[in-house]
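These are the structures, in structure tokens.
Here come two complexes built around chain A, the first alongside chain B, the second alongside chain C.
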Partner chain A sequence: MNGYAGNILRVNLTDRTHRILPLPESLVRDFIGGRGFVAKLMWDEIPPGADPLGPENKIIVAPGPLTGAFLPGAGKLEWGAKSPATGGYGDSNIGGHIAPEIKYAGFDAIIIEGQASEPVYLYINDFDIELRCASHLWGQGALQCETTLKAELGEEFQICTIGPAGENKVLFACISHDFGRQAGRTGIAAVMGSKNLKAMAVHGTKAIPLADPAETLEVGKQMFAACFAKPGFEEWTPQGTAGVTNWVNEVGAFPTRNFTSGFFPKYENINGEALVSRIKVTDKACYGCPIPCGKYSRVKKPAYDVYVEGPEYETIALIGGNTEIDNIEDVAYANYIQDELGLDSISGGNVVGFAMECFEKGIIQSDMIGGRILRFGSVDDFVWLSQEIAYRRGIGNILADGVKKASEVFGQGSERFAIQVKGLEWSGYEARHAPAMMLSYMTADVGAHHNRSWAITFDVATGRDKLEGKAKRVTELQHIRPLFDMLCLCRLQWVELGFELEWYPKIFRAVTGQKRSWDELLEFSERVWNLTRCYSLREIPGFGRSADYPPARFMEEPIPDGPTAGKYMPREVIDRLLDEYYAIRGWDQRGIPGAAKLHNVGLEFAEATIAPLRA
Partner chain B sequence: MGVIRVTVRGHVAKYFPLEQERFDFPAERPLTALELLRALNVDPLLIMGVSVNGAKQPKDAVINLGDEVLFFSPPAGG
Partner chain C sequence: MRLETESRLCSGCKVCLTICALSHFRENNPKKGALRVESKFPTPGVFQVHVCNQCGACAAVCPVEAIREQGGVFLLDRETCVSCMACVEECPFGVLIVHPSEPVPIKCDNCGECVRYCPREAILDGEGSVKRMGR
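Up next, the complex of A and B:
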């Protein structure tokens, strides 16, 4: 099959065996790759009701059909597992250079199952597959572990690791790669930790069959040239995503003080200009990327001197505004600490902000944290609490399960300001005056993450008080953006430069030989969107509409200051958005896909599971 | 009568007239970037930054006839 290596690697950690299996044609035909493979293999492979942190959960790793080919941004890798954070569908993607390496080693997917009896790492050198002892790596930081393995194996190996947070099964632990790229969301690193899997090291030398090599080269060249010719191309790179910080404050959507507000008065101390002028060393790109968003920085103060990739916008928002750390050096240092501990800095900043508010409200008291205090704006408190969480010490053991579960332990109304959906912490956009963005967060299949649909400019363009058309646009974006994750492409060339979507069917055809329009490819994406919904319906008792609501703060508390002062989104507005969204999707008002929808999108196999839930 | 050369970088181009990322705007006099955006019926809040003849400028910067103005979309992180 052109575009595919042709194999799936199945690794069993319990009995330390592996098998190389042929890639099923039906999987390619119906699910394309990447996120599509992850979703289908999770449905088929993970037993219903599996404990996310038990041996029966499986980790699925999948590049896509365009991975490693010659085109911009073809270096993304999809990770999936039943999420310990949400109990439902979980995936997260990572950039860097490991996805092509997995394809060159000969694999379109890796299924990791069982549980090792002692720490191991997965060594893949083409078809030379081993589970190697990782006892000397256990306990190392995520970045330190990559350094150690690079020294042992050679620079040509691409490596993913977990830090102490993953080892200790923190539910928002992240997988780290390339010294600062992360598959951060949904807690898949905790699943690795539960399996005693510290790392994966990959080197590959094989070729990938292409339907039309000459055409692939030609279209690839044209795509790079088209990227370089885009207006404003040069201005994008210096700040990368950090460049949006000013704008998000201007529109009053910057998470501030645990999402109390949407405006941080000191944002100019932590924005893209501050990053470039005070700490940036150089730009850093993923495989085949013409517009490197990664910023490599050095922060040097009397108390510390570290290098870190970032901080990118999400980290600036969640570590900066959300905990009110008001200078770029301390944000970068806190970013470094969480990277090394192996904590997702989105959830990490969200959880620490939640804890700081709990302390302010007397829900966490000084005697519960060894006589300390927890202050918004204190990098020392941030770093201390991050360590307590990563090692599950004291109050950190409660917070390590995320804000939803922690608020259930703390009670006293803390669930009102536990800023999450489905158990996944909210990322970097306060949405009380942005209905499409709010709906994007509410209905993202993994929980409150922005990468399924980023609709805030649509809100600004079409009217922030208007509801008409919002559900439709969110639905469209939920098919477009995740399609990039099926192809395992970076979507930033499209969103940041306005790179035309029409290029992708051209290169898809040159690589795979399959002639499909963009709209046809979107139909695959809709199939996967419905499958991930079905997965969470299957796994979480009572899942459906009730899992799609934002926290009470957003429905009841007006924003106190800034450009969106006074705004909140009452429950009846939320309900109207959901009603429209479900109707467009062909789901019933409990958020359950109808039989006709499942049939129309080619998911007849899920009907027997879903039908009883409709009764 | 002259023109201001307009370029839009990124996804908000679809909110400009004819969804174009490059076009000439006929103008009788110099305009600020804010005035130009309003004349194009584009909410200035949609625009993250402005550059005029290659130099970054605030949104109230004056654009003369014959100038090239570049409007930046906000990066849609991730």
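Up next, the complex of A and C:
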């Protein structure tokens, strides 16, 4: 099967065995790769009702058919597991260089099951597979652990690690790689921690089989040349994702003060210009990327001197605006602290902002945190609380479960400003004024994450007061973006350069030999979208419409200031968006896929599980 | 053409390695690229690109004259090579590459594809005749 390494690696941590199995043709035929493999293998492999932090949960790692091939942005890897944060479908995407390395080692998916009795790391050197002792690594920071393993194994190994947060099963712990890339969302690092799996180190030497090497070389060259010719190639790259900070403030969508506002008055002190002029060391790319979004930085102050990849936009939003840290140096330092602890800086900034607001409102009191105070804008408080969370000390032990569960403990109305959906903290776009972006967050399968459908530009372009057409566009985007995650490609060439989607079927054909139009490929994406919905329906009692609502703050509290002052999205608008969305999707008004839809998208095997839920 | 580097521009994307291997071996395998990208992280946080500048040190130590100069470019003759790896040891830039599935070292033939497709123009033609695509 061209484009594929041809093997699945199954690793059992309990009995410390592994098997190399042929990649099933049916999996390729129906689910393509990456996110598709993750969704199908989770459905098949993880027993229904599994404890996300128990030995029966499994971690699925999958690159895609274009990963590591010769085209722009072919360096993505999909991680999946039943999410300890949401209890439902969980995945997270990581860049860097490990995804191609897994293919060069000979694998299209890795299934990690069971639970080790003591800390281990997974060593993969082509087909030489070992579970090695990691007792000397346990307790190390995520970056420190990568440094240690590089020194032990050699620079040529690509390494993923978890930090203390993952070890301590913080539900928003992240997987770290390449000194600053993260699979941050849905808590898969906590699943690694629960399995005593500290790291994975991979080295491979094999080629990826190509259907037509000459055509791959030719189309790949054309794709790179086309990227070079785009205006954004020169303009976008220097600041990377941080460059959007200005625009998001100008349209009033910048998370500020735990999502109280959509505008941070001091944004020019934490934006892309500040990053480039004050702290950037170098641009740092994932495999095959002509427009590196990675900004490797050094921040040096009397109190600290650290290197960190970033901050990228999401970190600027959630650590910067959302906790009101108002200078790029402190944002980068706080970013470093969370990276080393192994905390997702999206959820990490969101949770700390939530705690700061709880303190302001008297829900967290000084005597609950050893006489300390928690202030918006204080990097010292941010760092202290991040450490308490990562080591599950004191109030940190409650916050380590995320804002939804913490608000259930704190009560006193704190659930109104626990900014999450499905138990996953909201990322970097305040959306009370933007119906398509709001609906994107509400219906993203993993919870409140922007990357399934980044619709805010569509809202601004088509009018934010308009509801017509928004649910339709969100549905389309929810098929396009996750298709990138199935092929395991980066979407930023398309999003930021306007790189034409028509290129991808051409290179897909050259690499795999399969002739499929973009629209045909999107049909696979719809199949996977429905499957992940079915997975969460299977796993979470009562899952459905009620899991698709934003927090009360967004439905009831007007934005107090900035360009979007006065905006909020009343429940009747939310309901109308959901009604339209479900109708377009072929789901009933409780958000359950209909039998006809499951049949049409090739998910007949899920019908027996879903049918009783419709009764 | 003579390869030169501007390592401060390198972002570590490895396009050079992939296009090199694909052009010469018709294989999608950057481990067969005839150059090196060294990552120096977490500190000082820079990349260093190592390329062949056709210095000929490899030819000078080859016991069987398998590496011969043609028009300023040193080419490795696979038939003559006896895989002693003396050239690999001698190369001052570490860019005679050994790969487990190749019987002989992999050597740069100065084709210029890395110059044409390095997105960052971190690999250059010191003589200025070959440029990145679109330049």
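The definition used in the following text is that the second predicted complex is superposed on the first by the 615 of 615 C-alpha atoms of A that agree within 3 Å, B and C clash if a C-alpha of one lies under 4 Å from a C-alpha of the other, contacts with A are read in each partner's own complex, and residues count from 1 in each chain.
Following the convention adopted for this analysis, contacts are C-beta pairs under 8 Å (C-beta built on N, C-alpha and C of every residue); 3 or more make two chains touch, one makes a residue touch a chain.
Keep in mind the model is a prediction, meaning the values are calculated, not measured.
With both complexes placed on chain A, chain A has more residues touched by C than by the other of chain B and chain C. In the superposition on chain A, A:230 makes contact with chain B only, while chain C stays out of contact range. By the touch criterion defined above, A:307 lies against chain C but remains apart from chain B after alignment on the C-alpha atoms of chain A. Contact with neither chain B nor chain C is seen for A:22 once the two complexes are overlaid on the shared chain.
In the superposition on chain A, A:371 makes contact with neither chain B nor chain C. Contacts of A:461 after superposition: chain B is touched, whereas chain C is not reached.
Shared-chain residue A:541: touches no atom of chain B or chain C. Touch criterion not met for A:362: it reaches neither chain B nor chain C. When both complexes are overlaid on chain A, the residue A:411 reaches neither chain B nor chain C. Shared contact residues of chain A with chain B and chain C: 233.
Across the complex, chain A meets chain C through its residues 68-70, 97, 100, 104, 143, 146-147, 155, 178-179, 204-210, 213-214, 216-217, 220-221, 224-225, 227-229, 233, 281-292, 294, 296, 298, 307, 511. Within the complex formed with chain A, the chain C residues making contact are 8, 11-15, 18-19, 21-23, 25-32, 38-39, 41-47, 99-101, 117, 119-120, 132-134. Partner chain B is touched in their complex by these residues of chain A: 230-233, 235-236, 240-241, 243-244, 246-248, 250-251, 312-314, 427-428, 450-451, 454, 457, 460-461, 492, 494-498. The touching residues of chain B, counted against chain A in their complex, run 7-13, 15, 21-22, 42-43, 45-46, 48-49, 51, 56, 70, 72-78.
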